[in-house]
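A short write-up of the structure that comes next.
First chain written, first letter: the chains are A, B, C and D, and each begins at residue 1.
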Amino acid sequence: MTDDAYMNERPNAWGRWGVGDEAGALNLIGPEQVKRAAALVRTGQVVRLAQPLSNKTPVPRHRSGLQHFMGRDGGDYAAGAKQPGGFQFAEDTVVMPLHIGTHIDALCHAWCDSRMFNNYRQETMRSTSGATRLGVDKMPPAVTRGVLLDLVGLRGRRLEDGEVVSRSDLEACLVEARLQLEPGDAVLLHTGWLAAQQGKSDVDFDSEPGIDHEAGLWLAQQDVAVIGADNFAVEVLPFKPGTVFPVHQCVIRDFGIPLLEGLQLEPLVRAGRHEFLFVAAALPIVGATGSPLTPLAIL
Amino acid sequence: MTDDAYMNERPNAWGRWGVGDEAGALNLIGPEQVKRAAALVRTGQVVRLAQPLSNKTPVPRHRSGLQHFMGRDGGDYAAGAKQPGGFQFAEDTVVMPLHIGTHIDALCHAWCDSRMFNNYRQETMRSTSGATRLGVDKMPPAVTRGVLLDLVGLRGRRLEDGEVVSRSDLEACLVEARLQLEPGDAVLLHTGWLAAQQGKSDVDFDSEPGIDHEAGLWLAQQDVAVIGADNFAVEVLPFKPGTVFPVHQCVIRDFGIPLLEGLQLEPLVRAGRHEFLFVAAALPIVGATGSPLTPLAIL
Amino acid sequence: MTDDAYMNERPNAWGRWGVGDEAGALNLIGPEQVKRAAALVRTGQVVRLAQPLSNKTPVPRHRSGLQHFMGRDGGDYAAGAKQPGGFQFAEDTVVMPLHIGTHIDALCHAWCDSRMFNNYRQETMRSTSGATRLGVDKMPPAVTRGVLLDLVGLRGRRLEDGEVVSRSDLEACLVEARLQLEPGDAVLLHTGWLAAQQGKSDVDFDSEPGIDHEAGLWLAQQDVAVIGADNFAVEVLPFKPGTVFPVHQCVIRDFGIPLLEGLQLEPLVRAGRHEFLFVAAALPIVGATGSPLTPLAIL
Amino acid sequence: MTDDAYMNERPNAWGRWGVGDEAGALNLIGPEQVKRAAALVRTGQVVRLAQPLSNKTPVPRHRSGLQHFMGRDGGDYAAGAKQPGGFQFAEDTVVMPLHIGTHIDALCHAWCDSRMFNNYRQETMRSTSGATRLGVDKMPPAVTRGVLLDLVGLRGRRLEDGEVVSRSDLEACLVEARLQLEPGDAVLLHTGWLAAQQGKSDVDFDSEPGIDHEAGLWLAQQDVAVIGADNFAVEVLPFKPGTVFPVHQCVIRDFGIPLLEGLQLEPLVRAGRHEFLFVAAALPIVGATGSPLTPLAIL
C-alpha cells in the first residue's frame, strides 16, 4: 500500500512511526502524556467543547446538513401504539455528513500529489470500501494535555474574518499563559469565530480567522498531537493566493496531525484555565474520513 | 411539561434533582467524583470500549444497519478530478440508526404509563421535533470512576444466553474486586456475550445473559450514574414472562440512569483493572434518543 | 378505521366510492376514460413533464434536498477495482424527501379536524408504519385525458406571485381551448411560476400564483381526477387571511383528488396541444404521503 | 468524452445514433411506434407492473433495503401538534437504493473494458458528480408496444432457478402469441421467479431462471428498445463459467438497451394479453445509474 518511489520533499513526519503506521502524531501521546494530563485535574469541572448537532447546525453550501428521523416516538403512542408489558420506547436515525459541527478530520481527509500521510496511495480509498488506510477508525483516542491559546484574549477583541494567526501570535499566547508546548499536546485555538456566527441564518464559510502555513508548520514541529480551533477549518480563509488549504496539506498530510474543527470554546475560556486534561474520541466508523465527536476539557 | 397529577408508585428518583431536571443520575457525578476518578490513573493506558461501526455491525431485524457513503474519494482523483492548488480531499456521510454498536440510551429512550423519567409526558417527543425533553443532548458527559464487574471471571466461563445476572452475582464480583460501589460510579458488566457473537453472520438479539429487575433496582439504589454491559440490552433476554424490558423501565424511566450497550470489554478485562477513570460523551444530537459513542477506560 | 360519528359538513366526496375506499377521485378513471384518452394520440410525440431531480432541485427551507450517493462508480475502477469476468458496474442510493421536484400528493398528505379523506382517522398514520390508509401505494395510476389550462396564454403574460387563478379564469381557458371538462380528467394548470424560478439560487416558496378555494371546489365538482400545476402547491400563496392551504383541505381531504405539483409544462405548452393522453404513475412506496414521478403527455 | 482509439470488437450499436448519443436503443421508439402502441388499447384496463416498495422489499445482501421515515404524521397531531388554520399534513423521506424492487438499469449501470455504451469513458462517472454520461436522466420515457413472452405458459410450469431461457424459447413464445418482434418493442419475460419468492424471508439472489447471452444478443439484434423480466437480473444465474453478467455486458453496454428488472407480471399474464401499450418513465435523477419506477401495461 505504500510505495517508496514517491518522495515527499516537504518537511514531514513520514516514516517516523514506521512504514505501516496509520496513527500519525497521535503516537506522540504515550502513557506518560496521559498520566501527566490526568494530574492536571484540579476542580473536577467538565467542559463539553461540542456544538449541538441538528438540522440547524450550519454547513457550507456544498454539503447537506444533518437530518434526524424518529422511527418511533411519543406521538405514535398518543395515536394508540401498543405497549406490550407496559413497555414504551422511541428510536431514531440520522443522515449525517461526517464533517459537521464539532468534528475531527481523519488523516485520510486531505492530501496532495495523490499521496496521503505516510505515503499511502489515494487508490486505497474508494466508494466501495471507504478509506482502507488512515480512516477515523484507526485513530487512537486523544487523552492528553490540552493547551488553550486564547487569541481573543491576546488581541483584546474577536478576530476578524480573514485575519491571520501567526506563529508569533501563538508564541505570545503561550507566554501569556506561562506555558510551553510539549510533545503530545492538544492545542486549542480560540478565535471567537464560532461565537460570532450564533444566530446567523447564513454562515459564511469562505472567510474566517485562522493560522497560516508557517504557524501550522511551527505547531507541527513542536510535536503537538492534535490542533483544534473554534472555526471551520483551523486555518485562515481565504487562503494566500495560489494556495488551497495549505495548513491541511502540511499538518494532516505531511505531519499526520488530525484537526479538530468547530470547537465550542467559550465556556472553557470563561473557566480561565489554559492547561487541562483533554479527551476526544471519534466514532470508530470504519473507513471514514472524519467524525463528529464531543471533546472534553476536564479542569 | 411535567404534570403533578400522575403518581409514579414504583421506587424512583423523580423530583430528586428538581422538577425540571433532565440529567437524572448523571447528577450524581459532581466535581468530587471527577477528581477521585482522575486520581485513579496509574499506568496511563487508554482502552477504547467501542465496537467498530460499519455496515457489518450487527443490528436486530427491525432496524437497518449503518450505511457509509463516500461523497468524494481517492477514486475520483484517479478518474481525473481537479486539484486546485494541489489540494485533494475526501468526505463522507453516514445513515446511522442511533442505537447501533456501542451506544448510550438517553433517558427518553424507554418509558411506561405514557410518562418518561421525572414525569415528562410522552407528548414532548414527536417526529417533527424529536425529544424536546430528556434528549441525548441534555446528558452531561460521564467522567467518573468506572467499575468493572466481571461475571465471566466470577463464573469461570462465558455466560449463556438467557442466563440471569442477579444482585448477589454483582455483590460477589465486588467482593472479588475488593471494591464497594459509590455514588456516581459507572458500572460495567462483563458477560462475554459480544465476544461470543464475533464472526457470526446472523446475531440473535432475542436471547442473551444480563441482569434481572432485582439486580437493576439494586444498582439504581446504590446511586450508580451509568450502567453498561457488553451485550445488547444490559438486561437478560428473554424477559421474565409477563414483563417487557423491565430493567429499562426501572433503571432508565424510574431512576434516570442511562444504559451503555454493546461495550467491547475484552481489552479492559485483559488489562486486569477493576476501577479506573471512565469517560463517555455522547454526540450532542438535539432531541435524539441515544447516540453511538466511544467510551474510554483510562488506567 | 372509519368512524361514522364524525360528520364532514363541507361539500365532499366521502363515501362516494364506498366506506373502505382509498383511491378517491382516481375512481373516476374507468376503462372508458382510458380508451378515450388513448384515442387522443395523434403525433406520437411524448413530452416528459418532470423536473430533473438533484441536490440542486429547490426545496422550501423546512425540507432537506435530495442527496445522491454513488456506492460504486467509474472512479473506483480507475483506482483499480477488480472486474471479475470483465464485468464493471455502478450503483447508487438517494436520500429523497417525497414532496420534491415534480411529485404527487397522496390522499393522506393533507387533512383537517383529525380526519383524512373518506373519514379515515389520523391515528392510522404513524412513524412506525407510515400511512396505513390512503398511502401513495393505494393510488391507481392515472391514465386519462390530460387537459392543459394555459393561464399564461390567457393573460398574455406570466402570472405574478400571489396572483389568484379564479374559477372564471379556468372557464375562460376552456373556452379558449374549445374544450369541456369531463369526469376523470387530469387538469394541468400553466402559471409560468416554475419557469420563472430557473437559475434562481434561492427560490421563494411563500408566494406564487395559483387557484383559490372557489376554483378548487369548482374543479372538484367537475369530477376531475387529478389537478396539477407548474408551481409548488397548486394553490395561490400567500393564502387568504385566516386560512392555511384551503385548496389542499378541500381538494385532497374533502374530495379525494390528488395534486400534482412542480410540473414542467413549458414543452407541452410549446407543443400547442390542450388535450392528450396523460399518464402518471407514482412509486408504490408503502405508506408514503407522496412520490416524485415522471408524468407524461402523449400527443 | 468519447474517444475513437478504443474499438469495441463485439457486435454492438455504438455510433448508430451518433457520437454524442446517450439514449441508445430508446431511439428506436419514434412517433410511429408510439402511435401504433396507443392503437393497441382495447379494454382500457391498466395493469401496474411494479412491486410495492418498503423495508420488506428483498435486496441482495450487499445492498441495503429501503428506509422510509415520517417527518410529520398523524401521531404528532395526536400528541398535540398545532394546526394553524385547521390545516394538518404529513410528509416523509426515503433512503432508497436505486436498483431495488421494480427498476430500470440506466445505460451507465454496466460496462466492461473501462468503456460504457457508445464509447463513453468510465471516468465520466464519479462520486462527486454521478454519471455525467448515460445517466437515468438522459433516458427518454418508453412509450411503445409491450410484448409479453410467457415462458411459464410455454413450459407449462414455473421455470427453475438456473434454468436457461434460450433464443428458441423466445421464438416459440412469439409463435404461441402469434406475434413478431418489431423495432422499438419492449419485451417482457415471464419466468415466474418473482411470484415464487413471495413470503420468503430470505430471497436467494444468486440463482434464477433467465436468458443466456445468445438470447440477449438475438433480442438486441431484433432492435428491441427495452428488455424486462420478472426476476432480479433478466439473465440466468449463475452465469456460464468464466463469465459475469454477460447479458448485461452485451445488452446494456454493447447495444444500449436498458433492462427492466423485478417486474410484477402475474396480473398481466392473467389478463391474457400479449401485446399492449407499454409505458415506463424513470425518475429523472441526474447522474443516477437506475431508478425504481412503475411501468404500466394499458390493455
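Note that in this section a residue touches a chain if its C-beta (ideal position, glycine included) is under 8 Å from a C-beta of that chain, and two chains touch if they have at least 3 such contacts.
Keep in mind that this is a model prediction, so the values were computed, not measured.
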Common touching chains of subunit D and subunit A: B, C
Selected pair, greater C-beta contact count between B-C and B-D: B-D
Geometric centre distance via CA averages, subunit C-subunit B, whole Å: 45
Chain centre separation (subunit A, subunit B; CA means) in Å: 25
Where subunit C touches two or more other chains at once, by residue number: 64, 67, 69-71, 73-81, 93, 95, 122-123, 125-127
Sites on subunit B touched by subunit D in the complex: 55, 64-65, 67, 70-73, 75-76, 79-81, 95, 122-123, 125-128
In the complex, subunit B residues that touch subunit A: 30-35, 38-39, 41-46, 48, 50-54, 63-64, 66, 68-71, 73-75, 77-78, 83-99, 108-114, 121-127, 130-131, 137, 140-141, 143, 239, 242-246, 248-249, 277, 279, 281-290, 292-296, 298
